[in-house]
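To keep things clear, I will list the structure first and then write my remarks on it.
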Amino acid sequence: MSKKLGVAIVGSTGYGGVELIRLLASHPQAEVTSVISSSSAGTPITEGYPHLTGIREELLDDVDAATIKSKADVVFLATPPGVASKLAPELLAAGLKVIDLSGDFRLKSPALYEQWYKKPAADEEHLGKAVFGLSEIYAENVRGADFISNPGCYPTATTLGLFPAVKAGFIDPATIIIDAKSGVSGAGRGASLGTHYSELNENLRAYKVNQHQHIPEIEMILSDAAGAEVVTTFTTHLVPMTRGIMSTMYASVRGDRSLNDFLELYRSFYEGRPFVRIRPEGQWPATKEVWGSNYCDIGFALDSRTNRITIVSVIDNLVKGAAGQAVQNLNLMMGWDETLGLQFVPAYP
Amino acid sequence: MSKKLGVAIVGSTGYGGVELIRLLASHPQAEVTSVISSSSAGTPITEGYPHLTGIREELLDDVDAATIKSKADVVFLATPPGVASKLAPELLAAGLKVIDLSGDFRLKSPALYEQWYKKPAADEEHLGKAVFGLSEIYAENVRGADFISNPGCYPTATTLGLFPAVKAGFIDPATIIIDAKSGVSGAGRGASLGTHYSELNENLRAYKVNQHQHIPEIEMILSDAAGAEVVTTFTTHLVPMTRGIMSTMYASVRGDRSLNDFLELYRSFYEGRPFVRIRPEGQWPATKEVWGSNYCDIGFALDSRTNRITIVSVIDNLVKGAAGQAVQNLNLMMGWDETLGLQFVPAYP
Amino acid sequence: MSKKLGVAIVGSTGYGGVELIRLLASHPQAEVTSVISSSSAGTPITEGYPHLTGIREELLDDVDAATIKSKADVVFLATPPGVASKLAPELLAAGLKVIDLSGDFRLKSPALYEQWYKKPAADEEHLGKAVFGLSEIYAENVRGADFISNPGCYPTATTLGLFPAVKAGFIDPATIIIDAKSGVSGAGRGASLGTHYSELNENLRAYKVNQHQHIPEIEMILSDAAGAEVVTTFTTHLVPMTRGIMSTMYASVRGDRSLNDFLELYRSFYEGRPFVRIRPEGQWPATKEVWGSNYCDIGFALDSRTNRITIVSVIDNLVKGAAGQAVQNLNLMMGWDETLGLQFVPAYP
Amino acid sequence: MSKKLGVAIVGSTGYGGVELIRLLASHPQAEVTSVISSSSAGTPITEGYPHLTGIREELLDDVDAATIKSKADVVFLATPPGVASKLAPELLAAGLKVIDLSGDFRLKSPALYEQWYKKPAADEEHLGKAVFGLSEIYAENVRGADFISNPGCYPTATTLGLFPAVKAGFIDPATIIIDAKSGVSGAGRGASLGTHYSELNENLRAYKVNQHQHIPEIEMILSDAAGAEVVTTFTTHLVPMTRGIMSTMYASVRGDRSLNDFLELYRSFYEGRPFVRIRPEGQWPATKEVWGSNYCDIGFALDSRTNRITIVSVIDNLVKGAAGQAVQNLNLMMGWDETLGLQFVPAYP
């Protein structure tokens, strides 16, 4: 067997990092050669994650570009906001390919980043270089790129559900309303009252209404689809479950379209893209139906009384919404089949 | 102490019935004198509900108007769709006051009922007599009435959140979109794949999109508020929790309103109505914050970018959405303080 | 109506404190006149607990014996380990009655406390004065006392399940094995990886095996029952739910006893004590069947193959395991009916 | 690539069957060539399991030995109790290898089966032929066999945790007490009040105390280890989660053993068996740490006060407790590496 591509993961002790380890464990062409955590360097990864006992027993590495380069060709950055903006330039300069899972390089305008993220933005040069890796929409840009900015979880579920209809002019972008719901793992592993079991179990809460930092990212993608600036209403809710995002989306239909017109549009748009599954009329995707997998499932209802379309899109936030799409982008970057290492059947029930 | 009012519950083995038992156990003026179940008559209620051990040990009664009349003055009907339409006329004829928790008498048009419920409607005479008991809106009608149709769970959460704004013309009713989420107990105690633990746990699903039988009830109330016919978009989701409903509602604001205008409107509208709690700016009600209580909590956000208002309204579906509001209507019917027996602090956490 | 007894709660921002507020809200003879939190003094209690909106809107008080004495006659201490040992003497000296919900005064030996709690013990004088308030066992001591040490959650569920059999010599104390399971709220409101939603949901874990600080408390009570020193095996597990404790207990039966002998022994032992409910043969109590209530439900199975008895005992850890039993002790102290303010029907489902 | 081994699954619409489909989808040497369900034959499997959309779209086959033989060489029976006893002989006669996941061939005594399962037993000839496939213990018997009886979920977790200590005489078998806890998926997909979401969520219940049909299976294995008849106390609990079994086991230690003696015994016993992971002192396995994987993780505590050992063993009931161990047995039967197709990293969180 030929040698596999070496891959390093910075931020291996977060949920995004540990999910990359899970997915890449069965990748036929790539292997994780360095697991890195600046905060826990020198300790075994099994200390924080005993589920890796017997699977990965090595000590966590510290972040150092030269050392990484000696072990790997590609680096995944699964770091908190504000870290990758400093780290990526250095890693790129060392000759590494970089896939950043954080939000640091998604927005092209530093001002917009600073407005929504309340942190200093990355430099404009690198913002310009980062290719936005929404795999099903921008695969052409990703192929052969060296530096990928991986999309956010909410934007992935939402824009995969809206892009074809906006692009084709089937719906009026000014009427789009997005009601999004997420499992708790999207908040990461950091302990806080907001992620405390007794506060979230048997509870449903709205949060960051109109203020979520994924709003400008969603609008960036939808504006690209529309060929004009799109402004949306976007609400997020925390659901008592660990994994899963559902975006329920509403828009007014332009002209006289049937539900079948929508189904055909989407099937045609996503033809040959195995991770998007269009559900037949009357069938609504549930988050568990994509749990642990890289799928994005989309269902539709057209209400003749209001001429509005309702679109429901679901993903596993840690897979298609983070680590899975990052691996998909790795595959595209390397010119491989985009499904390599990602052919997990959803774990049901 | 003077004798308490005798109350009978038909459908005592359903979740609505057993919640009535819980609430009425501490009512200072009423007491449950007969627990009735046609399917389980003659067996102890503790057989199906051991949590009532030592609290209510009697055998379940069968449904018989004369027997009920000998034991009680008021009957709650917590029965499946299609039962109350036949039972209520007989009980009323026997001189009993009736509070129906099912949907049989909510819609005034038999045709509309049959279209949405897929069952034969009640007779028009009794449809006309039933007073729709959305307590905070129609208290005047409820006071002194003999026959109350208790609202549905989704309509209660939704219309308490929308009524003042529609009535005052603050929002355009044609733009209303309602994204509703419910805990599983709303589906009742009947076992099915759709309520199976392993299918719902760690899962979020949409269901009955644009087809829920509560849609015409919501539109009936909103049309009353608007003084004109209102048609809405309404989506329901099943959340992995037992109790709680959240309606997240969107509408375009008419004219130039501030968030404070909305807060003042709602505070004024619900002044003196202790079960509706208007949350201050920036605070979103969560379902657990009303768990086990009769409260409906409402929060608001105004998005200056789109001039849309987002309204979040939460209730406990078994209390304010069913048994609690039924007791509130009992209190209003009898001319008592509407909070009697309902002053539960939400059970948190 | 005569004036109610004034009650203060120190530690009002913890789950034990806020549950006291819930329970005492419907107490006919006592009322909470001061809610105290040293860490959050001067802020409204609704800031951390919006479910109290419209119910208790006052600012949190700081801890000061003289001020408390001016507002209240009884103080509940719902504080972390090591606080009450310093605070209680001062409050008692100020003429207040004290009910301590922490573990600081349960063990009579300072050495034992320091061994299991890893903290300095309270002074021996006050350790000697504190009456251990396991209500169904030590009611005689509690009546008229000024200073109560409220039992722990695990000891309450466990020893109510074992005491009669040990006392009567029906089982061999040396063979007792206790497998206990708790909901997460027992860990309090402090955020940590150990209470993080994504780590606990869809997960079951053992913890502190043979090392839980409730072990010496359990052994103290069982030794009292046996009239000789009892040493036990005690394991604790964290269950993905918010409230509820179940102790499953095993012991070898002494001599030739039938299951009915056990049922009669327990029914007789707990006669007139309404909060202990003995389940009939073949019926196992579930934690939800006591949720939100002060009940302790106990079920039995006798295995003729091994001559072992299995005893299952369940409580709501925040009610009978903390705030509810504290109110029960207040009632006993004051010479009231022990059920005052505690007649909640379990919230099911 | 050489042709893969064809595999058929009878009972494809149950949780065991659908989990076999998930696991075998990534098996390098075997592939599912027929999915069979007598109750749903002729309908697409995606009708009941939309998560298989785009993965397996074929119609379900009916059960027919000749047809199966034309498509496959091995059959997995994932059928309810009482079905395999009739079906297996016919399939074996047709020249198929059979792996039965039900309990029909586990107990070698028909009388014992009928006592615990309350159903007619399989014929003695086939009971005698079926090799009991507890993979880590009986691998030698499984290699080259044609007919495997796959162990139950509770026996797998329990006996992997006890076998080495019993075999080595480290513990007294007469003192063994097993407190087992399971997620709800173990009860299968059939809808009933016992699997109803609102009844199980936020609830913990004991069931079938001393009466579970897995008791004789556990005793059969432990008796084999002890070389003498072992009788145990075994209690089962239902935990509000979908997947996972934990057995917490207690026994008196024979002689003077240290915890390290136990760790060494188990490490040595399971050397070279990659699916059993022995945890270091002080570390307790949680069910989520094996979720979705074929691992069985075991931890230990020795209590010097009682000279009892506490052993905690966890598995995913649908993987190591059913479909995963069945695939492991397939691998052993075929002389393949036992880990083929089973190298899943647990899905955490």
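To keep things simple, chains are lettered A, B, C and D as they appear, and every chain counts its residues starting from 1.
The criterion applied here is as follows: a contact is a pair of C-beta atoms (placed from the backbone, for glycine too) under 8 Å apart; a residue touches a chain by one contact, two chains touch by 3 or more.
Model, not experiment: these values are computed from the prediction.
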Farthest CA centroid from chain A: chain C
Ranking B-C and A-B by C-beta pairs in contact puts on top A-B
Expressed in whole Å, how far the mean CA point of chain B lies from that of chain D is 46
Averaging C-alpha coordinates per chain, one finds the centres of chain B and chain C separated by a number of Å equal to 36
Rounded to the nearest Å, the gap between Cα centres of chain A and chain B is 39
Going by residue number, chain C touches two or more other chains at 15, 183, 185, 198-199, 201-202, 240-243, 285-286, 288, 291, 349
Note: in the complex, chain D contacts chain C through residues 177, 179, 181, 183, 198-199, 201-207, 209-210, 231-233, 235, 237, 239-244, 246, 248, 250, 284, 286-288, 291, 299, 301, 303, 305-306, 308, 310, 312, 314, 349
Contacts from chain D onto chain A in the complex sit at residues 15, 18, 21-22, 25-26, 49-55, 185, 189, 201-202, 242-243, 274, 277, 279, 283, 285-286, 288-292, 295, 297, 343-349
The answer for chain D against chain B in the complex is residues 15, 183-185, 187, 189, 191-193, 195-202, 240-242
